[in-house]
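In the two complexes that follow, chain A is the common piece, with chain B as its partner first and chain C second.
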Partner chain A sequence: MLKLNHKHFFLLPGLIVLVAIIIFPLLFTLRVSFSSWDVVKPGLDWIGGKNYVRLFEDMRFWEALSRLSLMAVGSVLIQYIIGFGLALLVWRDIILKRFVRVLFLVPMMTTPVIMSVIWRTILHESLGPANDIVQVLGFEPLNWLSTGGMAVLSVILVEVWQWTPFMFLLLLAGLLSLPDEPYMAAAIDGAGAFRTFFSVTFPLMAPISVGALLIRLIEASKLMETVYVLTSGGPGTATETSSYYIYIRGLRDYQIGYAASLSLTYLVIMIISLTIIAKVLTYKMARD
Partner chain B sequence: MALVLQNIDLREDGIAHLDNVSLEFKRGRLYTILGRTLAGKTTLLRTIAGLQHPQRGSMELHGQDYLDIPVWKRSTAMVYQQFINYPHLSALANVMFPLKRAGMSRDKARRRARAVLAGVGLSGFENRRPGALSGGQQQRVALARALVKRADILLLDEPLVNLDYKLREQLREDFQNIFKGQDDAIVIYTTTEPAEAIQLGHEIIVMDEGRVIQQGNSLDVFNAPTTIRCAEVINDPPMNIFSGTIDKGHINLQGDVRLPLPSHLDQLSEGPYRFGLRAADLSINGEIESEVELSEISGSQTILHLRGGIGSFILYEEGVYQYAIGSTVNVSLNPDRIYGFSVQGDLVAAPAPMSKQWR
Partner chain C sequence: MATIELSRIAHTYEPDSDEPVYALKELNLVWNDGGTYALLGPSGCGKTTMLNIISGLIRPSRGNVLFDGVDFTDLPTSKRNIAQVFQFPVIYTLMTVEENLEFPLVCRRMPKKERSRRVREVAELLNLRDKLKRPARKLAPDDKQMISLGRGLVRNDVSALLMDEPLTVIDPQLKFEIRRKLKQINEHYGLTMVYVTHDQNEAMTFADTIVVMNDGEVIQAGTPQELYNRPETTYVGYFIGSPAMNLIDSRYVDGRLETAGGSLPVPEGVSIPPDVQTLQVGIRPKYVRFTDATTPETLSGQVNMVQELGNSRVVTVEINGEKIRMKLSPDTTIPEREVRLSLPEEHICLYADGVLLCRDEDNVCLSVPHQPGSEAEPMG
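Moving on, here comes the complex of A and B:
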């Protein structure tokens, strides 16, 4: 049996914070998800699993989830490819290396909401400079935000622009930590630049790549501000993500009980899917 | 058929790493480059491999210019003093790597890699990554990766330096067997240890401060180092050097030490000289009073660092003895083993070769 003494009291502040900001809200949300708390009837009445039954029949939620998966995975992969390319570019000695490295980080240091507002202005179909450039290049103006496919692409574009620097930073740190020796060996062993990248750099970067991809996937799965500012989930529900849909149900429609069940389901799905992704990536890395 | 280097100069930040180096390496022979740290040994190997580029000079392999060939196209294999392998690949995949780069089929590469791994004593370790192998095994993987290429030039840059004594001894013996199978290759081996250079035999090249200071058969270089610098490098501990004169049939050293002139020095005219004597050619029980500055035990030998009237010197004594620092010992010098150098440091007379005495 645990014998309490003075040292355990040092744990108390942390424990209180943990209970107050994580455990209590989680348990309370769980309880709320079994209630019909809404704008008409606020309170913790017990309705059993009705919210969860409704959720499984709510196609809008599942569509938002699959859309989120597409946008998150798509944008993170593009961020990884561009970030890796940029990191490789400034890894070795180039002119103004330090300046270029800092320059690449500017988008990441900008507030996401403000960045989205700027992008909304840029992509404005009649007033924005994006279509001016398109027309100067001799193409028809594009419906950046008013057709489904283009709106999804626009959200991905803004996400990529904002978060590629983060990927760049992680991957550059990884590249700078790589030992020189395998490169000397590869050169002697007859590997040119292309082969050295695929046989040495890429495999050696695997642990860092997995970490960077997972961090960004976790972040991207919460995709909300960009959608909120840029498209408000539209046109229709074309860019509506899970977080945004939960926000609509909970804080716009005030269906607190139902939104709680959506949140918890979303949380469980994210934990399971990200765990599977992490396991697959780690397994592949170990095997390769 | 040879690798010929002529007047190679390589400078970095104003420091000459290679200074007018001209050498010829013949196929089927083992060359040992001996020199202290910063002598230019590694730079020379890296230049031959194509990892560094000289500012001046030429390099030809089998009569064709070799300097303009990029590193990955050179028929060169190299083992470094660090255990350099691909950490993300198994031992087998490491050894297969150069073969796959050369376009060999996977099956054939695997068969050859397995055979070479067995040759360096790593059967059963094929699937382990370098991180799961000991230092000696990692270096064997690196050696196997170098051997499997069957390159024209095999470069070994102090491959034993980071291994413990036992492993070093074991691998040194293995090397001799492995090198016997390299009849078509030029094998160049660098070391800082004279004993290793002499044990490996064949030809020895002594380097110092980026220059080649002597080249020849290993025992010939050991028996007749042409300069004081070379005598210091080829001996471990370094050859003791004393200043003195030859006068009236005697060698006069500092501190009023007078020795009879040995027969191999009697053709030298009278005057100032510098005299060299190996640590093993001094012994305890003589008349030269000296103070013990340091006493070391190495294996079954005792190495004494002494200071007396003749200056500071080192004495090698067979057997393990304890000497208190600051105590006094009486030392004698063996005049028959004294080397005569000019004041400028060039060899003018050497004793009879050691090899003849051994027979």
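Moving on, here comes the complex of A and C:
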């Protein structure tokens, strides 16, 4: 039996906030997902699992989910590779080291929505500078945002531009914390630059790499504002991600009950898949 | 196989400073082929800097590194025939023990067959034979350190093995075993071995020649016996031996050494420079004895403290404020309070300004122990 005394009251502010912002909304959403609450008939009626049955047959949701996986994993991997490359570049002594390091961080400090608007302008097919450059280089103008494949690539491009600095920052901090001895030993063993990277740097960076990849994957699975501004999920549904689809169902169509069931399903899938990814990455890369 | 010569080497880590602090002051040293050397000195005295200069991880601010007379100063580490073991084991975490040992050979493009033959040989020597297929990161620290060592031994081009406090992470019982193994390797391969340590016992048991360093300078280089019996400076006397050498202040008056509690004759063969009056009498604690005689050559004092060390007891005797320590066998009876001590003349070392005054029979004796720019001093 928990004996209440004065010290437990100090937990109260934290508990109230927790209940108010997490537990109550979660339970309420759960209840709403079993109702047919929509714009025509608002209210908490009980329709059993109908929303969930509908969801399983809703291919648009599953397509959005697989598209999200592709875009999240793809963009995070590209961010990792470029971020690692940049970090290696400014790790050792180069001229203007400090300046370059700060310069690389600029994209991260900009507001995502504003940057997406600017990118939309840049990629505008008849007015934007992107196609001007493509034409100067002697190629046909590209349909940056109006064909499905290109639109997905454009979203990934903007994501990579925005979030590579974050990857860069984490990996650079990791590189700077590495001990000297393994590098001395590798030099004595006669390892060249490539062998030193794959035998020393990469294994030593494994724990930090796992952390960085996971943080970015969790962030990227919420991918929404870039899509909203850049393509609005289009052309058609070509760049629609899960959160964007849920947003359309819930806050555009006002199918509150159905959107609630979508959200919960999405939440469960994300928790399971990210846990599996985390386990696999940790096992593979940071076995010590 | 190589004789390594450091010629007028000096190093500072702040070359751009107006008044750079030298981690290594200008020095000349020769490491003879096949010798075992210990670099002994307190932390920060420049031992590691010297090793890293030899292996090429650091380029010296001044001076040259010669291997068999050939200037290697600008040669990169991988091109030198040097292996180095660091304080903490360095292993390639994703590789097995075998792949770790093989790594330097793979980097040097040795054929597979030759590689596995050498790996097997070294694994045998280092007791890693039955662990070859295991992931290196799963091994205990001492085995990991054996892998670091093995990566040096496996190469056929290595002529010198540099070790930077390699036994720090090893259990005390194993240290003895590994030092013996290192000796064995020295004999087996004829490698020149340089061993950095701040533990004098380690240095004494491992090396033929001990180089004592302090504050970026070489203070004395010699055999363990020389360093123990004839320390050339009071610093070496204090640093080597446990408990440290007794140093008693004395004045040179009328051909005798006036000290607290008595007066001693000047040891035979020592000539005292005319302008010197204050001297220090140095004697190892194990040579000081109790005596019943009351001649002027004996010092009178009081027993101050007795420490039991198991196999010996250390007695501190106070003589007019000076403390003299004696190392006695555990069954010695210790007089109650008033005692007289005899300091056998043949074991006395006399120091003026901290530097040993040589006896006639001393053949190795530097008048000024670390003269910059002097000719290289061969050791061992």
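Keep in mind that, in the parts below, the second predicted complex is superposed on the first by the 285 of 288 C-alpha atoms of A that agree within 3 Å, B and C clash if a C-alpha of one lies under 4 Å from a C-alpha of the other, contacts with A are read in each partner's own complex, and residues count from 1 in each chain.
Throughout what follows, contacts are C-beta pairs under 8 Å (C-beta built on N, C-alpha and C of every residue); 3 or more make two chains touch, one makes a residue touch a chain.
Only a predicted model underlies this, so the values are computations on that prediction, with no experimental measurement involved.
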{"item": "When chain B and chain C are modelled together on chain A, clash or fit", "value": "clash"}
{"item": "Touching partner for A:203 - first (chain B), second (chain C), both, neither", "value": "both"}
{"item": "Which of chain B and chain C A:149 touches, first, second, both or neither", "value": "neither"}
{"item": "Touching partner for A:48 - first (chain B), second (chain C), both, neither", "value": "neither"}
{"item": "Which of chain B and chain C A:236 touches, first, second, both or neither", "value": "neither"}
{"item": "Which of chain B and chain C A:184 touches, first, second, both or neither", "value": "both"}
{"item": "Touched partner set for A:14, first chain B, second chain C, both or neither", "value": "neither"}
{"item": "Doubly contacted chain A residues - partners chain C and chain B", "value": "181-182, 184-185, 187-192, 195, 199-200, 203-204, 288"}
{"item": "Chain A residues touching chain B - in the complex, by the definition given at the top", "value": "179, 181-182, 184-192, 195, 199-200, 203-204, 206, 288"}
{"item": "Residues on chain B engaged by chain A in the complex (per definition of touch)", "value": "49-51, 71-73, 76-78, 80, 82, 84-89, 97-98, 101-102, 142, 145, 149"}
{"item": "Complex contact set, residues of chain C against chain A", "value": "52, 55, 57, 76-78, 82-84, 86-88, 90, 92-95, 103-104, 107-108, 137, 148, 151-152"}
{"item": "Residues on chain A engaged by chain C in the complex (per definition of touch)", "value": "181-182, 184-185, 187-192, 195, 199-200, 203-204, 287-288"}
